[in-house]
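First comes the structure, then the notes that go with it.
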Amino acid sequence: MKIAFIGLGNMGAPMARNLLKAGHQLNLFDLNQAVLQELAGLGGSISTSPRAAAEDSELVITMLPAAAHVRSVWLGDDGVLAGIAHGTPAVDCSTIDPQTARDVAAAAARQGVAMADAPVSGGTGGAAAGTLTFMVGASAELFAILQPVLAQMGRNIVHCGEVGTGQIAKICNNLLLGISMIGVSEAMALGDALGIDTKVLAGIINSSTGRCWSSDTYNPWPGVIETAPAARGYTGGFGAELMLKDLGLATEAARQAHQPVVLGAVAQQLYQAMSLRGEGGMDFSAIVNSYRKPT
Amino acid sequence: MKIAFIGLGNMGAPMARNLLKAGHQLNLFDLNQAVLQELAGLGGSISTSPRAAAEDSELVITMLPAAAHVRSVWLGDDGVLAGIAHGTPAVDCSTIDPQTARDVAAAAARQGVAMADAPVSGGTGGAAAGTLTFMVGASAELFAILQPVLAQMGRNIVHCGEVGTGQIAKICNNLLLGISMIGVSEAMALGDALGIDTKVLAGIINSSTGRCWSSDTYNPWPGVIETAPAARGYTGGFGAELMLKDLGLATEAARQAHQPVVLGAVAQQLYQAMSLRGEGGMDFSAIVNSYRKPT
Amino acid sequence: MKIAFIGLGNMGAPMARNLLKAGHQLNLFDLNQAVLQELAGLGGSISTSPRAAAEDSELVITMLPAAAHVRSVWLGDDGVLAGIAHGTPAVDCSTIDPQTARDVAAAAARQGVAMADAPVSGGTGGAAAGTLTFMVGASAELFAILQPVLAQMGRNIVHCGEVGTGQIAKICNNLLLGISMIGVSEAMALGDALGIDTKVLAGIINSSTGRCWSSDTYNPWPGVIETAPAARGYTGGFGAELMLKDLGLATEAARQAHQPVVLGAVAQQLYQAMSLRGEGGMDFSAIVNSYRKPT
Amino acid sequence: MKIAFIGLGNMGAPMARNLLKAGHQLNLFDLNQAVLQELAGLGGSISTSPRAAAEDSELVITMLPAAAHVRSVWLGDDGVLAGIAHGTPAVDCSTIDPQTARDVAAAAARQGVAMADAPVSGGTGGAAAGTLTFMVGASAELFAILQPVLAQMGRNIVHCGEVGTGQIAKICNNLLLGISMIGVSEAMALGDALGIDTKVLAGIINSSTGRCWSSDTYNPWPGVIETAPAARGYTGGFGAELMLKDLGLATEAARQAHQPVVLGAVAQQLYQAMSLRGEGGMDFSAIVNSYRKPT
């Protein structure tokens, strides 16, 4: 299939590589010339604008850092909607606020383009390995069209509802994740301070009502889970700055919906404090260090 | 075995019944005459004081509402330690602060009595069915002695470490549980307000990084889990007042240990606000109503 | 002086009236025809666009609801900057984020227009009475030019520093105000629950280290201050929705600056919960009702 | 007057010195022999127990670290109530929970002794200078008796209501103080991060609705108030550990009263985190450092 792929950052570039491997023809656009050259070497064609990339494509995929980029890549003078043909399916894989996702999709619909939002989880490792989870907001028809292509970049392709619900699913999950990780940190640090063995404590929690992914798979206490970032100095996982971005999207969406998120807001501030201390580049589970005596 | 069983409230009475069924002889003590008469009818003997109950028993078990009762039943003039024979094993199943558990065990040790703390989870339903979880703080020797008897009242008998660690395990788990339940409530209510189907959202969370017992087993949103209290008007589960008691133990233990528990403290206050509104008797998952428009 | 006045809502209309009374000629613009007609009856001239209003004015003043309006009124095709003459002083009195204030002023500067931000406090009462406080971010030269005109609409004209600092001063003050009001609410409600007379308690606080405007001037407990909204059913003061708007600006500015505001974020969520319960139209001091048994 | 003075720590010793200077005869008791000897050198008589000190005194004053000491000094076998004569007025100046204050006073009343609670503020400096504030819970009759003596140790003697209300007034004021100080810290740090001059910001807050003692008298930002601890490295004021003690009393009293204190609980945890970092000995306004980049 001829696919326009726009946005070739840490996530987009490996995703595009997987589509090339799967045999698709790619019209590529990014501001970074080096990555364009590299992907051209793998068979991709370089376009001069999102508009040009979209013009003769059968599917448009974008993967961008934030809502402002999505608006400009889709709605700008040289944007996707200036070039895309009526009836072409389209999907934005960026993590942005649900309202922008809906606004851009509404603009696309006005010119006969069905557009989905499909933010991912799984990180750069999952993007490279083709094991991402896609949370897709789309009509049933569009989902059926997108599913096989997304499955060439990911393992778990989930239909969340109409456009915008992909973003909603992602920010609600990550809101809970950000809270749970701090909850586990407080429980583990309290247990340690009171004198229980932390491996024993984790074992009890994991078979009881405190059980959660943040404890049984990604426990922040060093020595509990050998494959977790805590075992390697909190490197190489899901950075605290990325968690901050998602909590920012969640609390801002909540504000607009007049919906309180008390623990979510406190969690956001605690990661913010971590960022202020210069630890924003560490894995988000390093929040546990806020609960330990400095060494 | 001849066992002194002291404290026959909502939890203690069904636990004692299970021991009688298992063929033990029980010396019973409680201030409530009605429950004493009922258990005497099942074969138990009524004692006139904790001291008297302990005097000719081979094992002493207590199940009391709070630390003050534990101190008085064990250390009072007519208390267990005034009657118990040197070398008799003993276990307190109350949920209290770890320090009191250690203090009373130390007093017991001074007269040659090895004492464990073994708070339970599973509620009155688990007590009646004999499916409680016991979190046991005891030496390996004492644990080996207690294990078979506790197994006649519960299904999951966990050794947490030395005396006091049973209480620590319980309050750390419930600290996390109280936080997780509010985290799930915020995520579900936000998703609903933003327009995703709540069953779909729960499904995504349950197979993603937000996965936790509060979502996949006890989801607070009505209609998501048919067996959860949310499906029956938030009745019949783990009452908000009990969660408040456990969060109070956790934050107080944290205060004494100079250990911050930020989300735990906020969670405690949110359940406190629920209690102030007169909803303390509802299942603790009804905290989700704080995040929904009043009807 | 010939002044363009754009934005004639609840605040802008009475401010414009005071300028007309002071003898200025006003070029007026708003989307609301009724208010335009009314002010035309008082001597103002109706303009067809912000651009037209600005074209032959010696000073441009805007007073708009939010940042999006400020951007469009100043930067749009028919906006102020399309019509204003090089060298004309300008001031925006809206309460918006500091970054937008700086961005718009930078755009103005690029065409030789010195622009100030000057958000107000004092409410619609202060706007009508001409007793507003203006917090002005401007160069010393521009401040000297604006001061006499602002003084015809307000009593307290404060120079906060360069452009943007007016907004910063306002959101920092209101961040603290939102926190203090909840702090006073918690202290008063706790004192009442524990059994001290609330007037006595307020008196002690007001002469001690808890002293603050939220207690000594605007105490949320009914019966303590006769002139406070608490004495009249929490009507007619500073609405909770307005406090929410300002806390939203503060936490968003904090997020962008990587600056934690823990209590500020919790305060925002507590007013959000008040809004969810349908009480957003009440004075913000009605937050105290979150701490009282429902009646 | 012949006065029993029991408890001669950092606060009690200078208070007793002021009573000796005022010409009273003192029966002194403390466990610290050095301070007893020193005060004996100034004319005091050393007693061998609280009971002995109380036996021939016309007034009993105690000043102790915590509730456990108050219970034991008053109710113990060799305690005040074992020696005090029927009809002797009595006052405890310790800062403890209101319930213990009421319990001990009730025990005193049962043997014809009218007892007041009168916690102080003003610190060791105020104790030495005789400028303390006493918050007195007592009947009007007892207050009239105590007032002249307390006035020899303090400047501001406030009658708060019946016994227990002195403690309530103190913990409610300090709850608010602990919150306000963090509120000011967040506002000042945010303003600084956004680019306003902090002295200008403090000036605006101090003449606006954010005005409070924590800003206008004790501002935590260095360089704003020359006499505040911030100007001398956060030494010599009201230590964070003392604030933690008072917030612990407040949240525990709130828990017992089923009264939520959300911001108060978060404040307590933030000072707790400060204590964990080893900064508990600094003035409580050093909490502002939690909001600044580490240097």
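Every chain is named by a letter (A, B, C and D) in the order it is written, and numbering of its residues begins at 1.
To be clear about the criterion, contacts are C-beta pairs under 8 Å (C-beta built on N, C-alpha and C of every residue); 3 or more make two chains touch, one makes a residue touch a chain.
As the structure is a computational prediction, the values presented were derived from the model and not from experiment.
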{"item": "Fewest hops from chain B to chain C - one hop per pair of touching chains", "value": "1"}
{"item": "Per Cα centroids, the chain farthest from chain B", "value": "C"}
{"item": "Magnitude of the superposing rotation for chain C and chain D (Cα, nearest 5°)", "value": "180"}
{"item": "Pair of chains joined by more contacts [C-beta pairs], A-D or A-C", "value": "A-C"}
{"item": "CA centroid of chain C to CA centroid of chain D, Å", "value": "40"}
{"item": "CA centroid of chain A to CA centroid of chain C, Å", "value": "37"}
{"item": "Computed distance of Cα centres, chain D from chain A, in Å", "value": "52"}
{"item": "Per-residue overlap in chain C, given as positions that touch at least 2 other chains", "value": "254, 258-262, 266, 270, 273, 276, 290-291"}
{"item": "Residues of chain B that touch chain D when the two form their complex", "value": "244, 248, 251-252, 254-255, 258-262, 265-266, 268-270, 272-273, 275-276, 280"}
{"item": "Footprint of chain A on chain B - complex, ascending", "value": "98, 121, 133, 135, 156, 158, 160-161, 164-165, 168-169, 171-177, 179-180, 182-184, 186-191, 193-197, 200-201, 204-205, 207-215, 218, 250, 253-254, 257-264, 266-267, 270, 290-291"}
{"item": "Footprint of chain C on chain B - complex, ascending", "value": "266, 273, 276-278, 290-294"}
